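We just call them A, B, C and D in the order they show up, numbering each chain from 1.
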Amino acid sequence: MKVGFIGLGNMGSRMAGNLIKKGHELLLFNRTKEKAGPLIAQGASILETPAKVAEAAPVILTMLTEPTAVTEVALGKDGFLDHLTIGSLWIDSSTVNPSFSRKMADECRRRYVRFLDAPVAGSKMPAEQAQLTFFVGGDKKDVEFSMPLLEAMGREVFHIGENGMGTSMKMVNNLLLASAMSAFSEAMVLGEGLGLPMETLFDILLKSPVAAPFLALKRPLIVSGDFETQFPLKWMHKDLQLASVTAFECGVATPDMHAVKESFAKAVRSGMGEKDFSAIYQYLKQSQQG
Amino acid sequence: MKVGFIGLGNMGSRMAGNLIKKGHELLLFNRTKEKAGPLIAQGASILETPAKVAEAAPVILTMLTEPTAVTEVALGKDGFLDHLTIGSLWIDSSTVNPSFSRKMADECRRRYVRFLDAPVAGSKMPAEQAQLTFFVGGDKKDVEFSMPLLEAMGREVFHIGENGMGTSMKMVNNLLLASAMSAFSEAMVLGEGLGLPMETLFDILLKSPVAAPFLALKRPLIVSGDFETQFPLKWMHKDLQLASVTAFECGVATPDMHAVKESFAKAVRSGMGEKDFSAIYQYLKQSQQG
Amino acid sequence: MKVGFIGLGNMGSRMAGNLIKKGHELLLFNRTKEKAGPLIAQGASILETPAKVAEAAPVILTMLTEPTAVTEVALGKDGFLDHLTIGSLWIDSSTVNPSFSRKMADECRRRYVRFLDAPVAGSKMPAEQAQLTFFVGGDKKDVEFSMPLLEAMGREVFHIGENGMGTSMKMVNNLLLASAMSAFSEAMVLGEGLGLPMETLFDILLKSPVAAPFLALKRPLIVSGDFETQFPLKWMHKDLQLASVTAFECGVATPDMHAVKESFAKAVRSGMGEKDFSAIYQYLKQSQQG
Amino acid sequence: MKVGFIGLGNMGSRMAGNLIKKGHELLLFNRTKEKAGPLIAQGASILETPAKVAEAAPVILTMLTEPTAVTEVALGKDGFLDHLTIGSLWIDSSTVNPSFSRKMADECRRRYVRFLDAPVAGSKMPAEQAQLTFFVGGDKKDVEFSMPLLEAMGREVFHIGENGMGTSMKMVNNLLLASAMSAFSEAMVLGEGLGLPMETLFDILLKSPVAAPFLALKRPLIVSGDFETQFPLKWMHKDLQLASVTAFECGVATPDMHAVKESFAKAVRSGMGEKDFSAIYQYLKQSQQG
């Protein structure tokens, strides 16, 4: 299938690579062209503007880090939305908030373009290995149509509901990821304060049903103290901010999440934004010292 | 083995029953004698005071709900501690704080009595089925000596370190249990606020590596809304208070845990103390309504 | 002076009335025309659109409750901004966030229109009595030019700095208002929990240097329990949300403020949004009961 | 009057000095004898044990920093309580929690000794200048009897209620002091993050009814950045911990206070415990930086 692909960051470049491997013809756009090099070597083309991508491909997939970046390529100068053929499909896998996804769905509807919000759970490694999880919001037939593409990049595709519901599910999943990491980190820090060795704490807690399975993957990062980035802490902070704004919009009070969000805010301020988000452990640990 | 057993509540009565099943001779003490009935029917004896239990058994196991209750049976009027033979062993499985366990260890040392802090993870059902997990602090040889008893009641016995370390590990495990439950509940409430059906949220999140495995056991309680008590919310609140005091004692700041603790405080105040602690979901959900 | 006045809510209608009293000629616009009645009786005119107000008056004052409302009258269909004469002045007294004020200042600059952000501290009563406090951001000469207008409506005018600084100061002042109210309420609730009579608490605390002076004005509302609205709780919640977003934008962590914000969120959810914001006391008090 | 005085720290030594100035005969006890030097030079005597103080004086005043210190001099080895003559009076001005005061009142009653809990508001300077505020719990006639002593040390004496109520009022007052300081500090930090100069913020906020009057006294400490100690941050943290335990005991949820408490915990951990408690501003400010 001819697929337009916009956004070749850490995640996007790996996802695009997996689409090529499955035989899809990719038409790329990225602000910094250099990032497209390896994909062009695998047969993809790069075009000058999002608009040109829209004119050349009946399906566009976007993988960007925030709503403003999506707005720019979709609706800004040379944006793709006004250049998509009637009946085309836009799959947005960017991390955005539900109300934004619903707004984009409206923009599409007005132009007789189909829309799926299809954000992913998973970081660099699962992206590389086509092991991502997709949470999809939109019409059933559009989801079915997209299956070959989504399955080229991921292991699981959940059709959650109508437009906005994919993004909603992603937001809930991410919120839980952040708060589980933070809760575990505080428990570790208290344990160490009580004199328990870090290794004992990991050995016991990771066997216990109280610890989320993903924490096992964070053990080497915490033990080594290097926090090699799978998912940057600053993006998690940004996602928590989106969740906070969304909670306000839909009138839900979330006191615990806000305590977590402000811990992430402090971690960002103390210079840990580029590290893996599990470095919230390091922030909490360091804030215990003089 | 002749074993003194003090504390026949929801947990203790089941643990004592499992000891009897394995052929141990139990000498009981409980403030309300009636609770001993079923165990006496199985062959246990009941004595008038903790002191008499100490005089009759070389090993005493206590299973009480808080430090003051332990202090009373151990050091109060007719307490057992001054009546234990030199070289006897006291195993304390009560939920207490680490500094209290260390104080009890000191009291024992002064009397040439051996001491293990051996609190358990697990609630009524695992207690019934001899599936508890023991976190043990104390001398290796005392742990080995106690193995037949602990394995009669539990599935796993972790020797964590010296006296106080069993209690410390239990505290960390419990803290994580409370905060994981609360984080999951807030994520659910936000998800429902976004229009996601409860069933969808459970289906997706329980498959996701971000959710702790124990949460699957709480699904029927949350879906039905009855919160049949496995572990009462008011005891979890009390445990969080012990953790708060302990964090103060060892100089560790835990902002997220305190936000969780105060949510539990409000849930207790709104009358949910006797329900299962997963009713924190219900509290958070209800606090979203007029 | 000919003054365009847009926004005739609780605050705006009173401020407009004071301008008329000082002899200014008012050209009004309001979405619901009926509210203009009493002012028209005092000699003001009402026009059909914001654009027509701009064409008729060299100074426009806006008093709206949030950024989207301001955007609509300024930049929406028949908005005033494109119809102001070069060299005109827009004074925005609405409650908005600093980045919004700076954006409006840019929009004005591009059109050779002068701009002041001039939000107010004070509620209905001070608005009635021309006792408001203005925090003004913008050029000194524009502030001086506006003095007769501002002094017709307020008691104090502080020129804080360049555009955006008036709004910033207002935001900080409001944040402190909310958190001082909340801190006082929690202290009261703890005191009552300890058995201290409400009257004793007020008598002592209001004499103590630890209580902010505005709290004396809230005493009758709390004692009577009716919380007659001076400044609605739901607007305070909205202001805290603006402060939260602003803190994120400028990279400042504010854990205490977020705990306060979520208490206000719960108070809104429990149906107190229309009461005076001092009803946060009532929310905290009620959340202590079954 | 012959007065036994126990506890010659920063506060106690100044209070004792004021009693001597008014002609009272002081019999001192202090763990570190050296601190009594200046008072002995003014005519006071020092005795070997609290017990001896009790035998020599019909009134004992204690000024210690926490419940355990009070327990030791009152009920420990050579404690004073068993040596007081029937009908004597103990005035406890130490910072303790209400349940502790009530326990001490019980201990006194059993010994036919009168008891007042009479903690103070005010720090070093007001102690020096006999400008303290006393919050007193106990019988009216005992308060009247004590007036000459309390007025020798303070400016205001409030009889709050029965035993425990003095301590309760002090706790509420202190809690408000901590949370008002913290709320103001966060507002300042946000203001500075928005580009407002510190001096502008102080000028405006200290004139505004939203700021508690005591904050004016903290301005020079914050501006200079030296935080010369009036009331140490670590003691405020300890007081917040007492308030937290008390809130648990009387079943009151206080989420905002706990957020504040944990900020103080982190400030202590980062080495600020000996500074004035207004250094919470410095902690919040520094936690915004790398």
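For the reader, a short list of remarks on this structure follows.
Heads up, the rule we're going with is that a contact is a pair of C-beta atoms (placed from the backbone, for glycine too) under 8 Å apart; a residue touches a chain by one contact, two chains touch by 3 or more.
Fair warning: this is a prediction, and the values are worked out from it, not measured in the lab.
Two chain pairs, A-C and C-D, are compared here, and C-D has more C-beta pairs in contact (counted per touch definition above). In whole angstrom, the spacing between the mean C-alpha positions of subunit A and subunit C is 38. Chain geometry summary: the mean Cα position of subunit B and that of subunit C are 52 Å apart. With centres defined as mean CA coordinates, subunit D is found 39 Å away from subunit C.
Taken residue by residue, subunit B touches two or more other chains at 247, 251-255, 258-259, 262-263, 266, 269, 287-288, whereas all remaining positions touch fewer.
If each chain is drawn as a node and touching chains are joined, the picture has every node linked to every other.
Those residues of subunit D whose C-beta lies close enough to touch subunit B in the complex are 241, 244-245, 247-248, 251-255, 258-259, 261-263, 265-266, 268-269.
Only residues 98, 121, 133, 135, 158, 160-161, 164-165, 168-169, 171-173, 175-177, 179-180, 182-184, 186-191, 193-196, 200-201, 204-205, 208-214, 243, 246-247, 250-260, 262-263, 287-288 of subunit C touch subunit D when the two sit together in their complex.
Residues of subunit A touching subunit D in their complex: 255, 259, 266, 269-271, 287-290.
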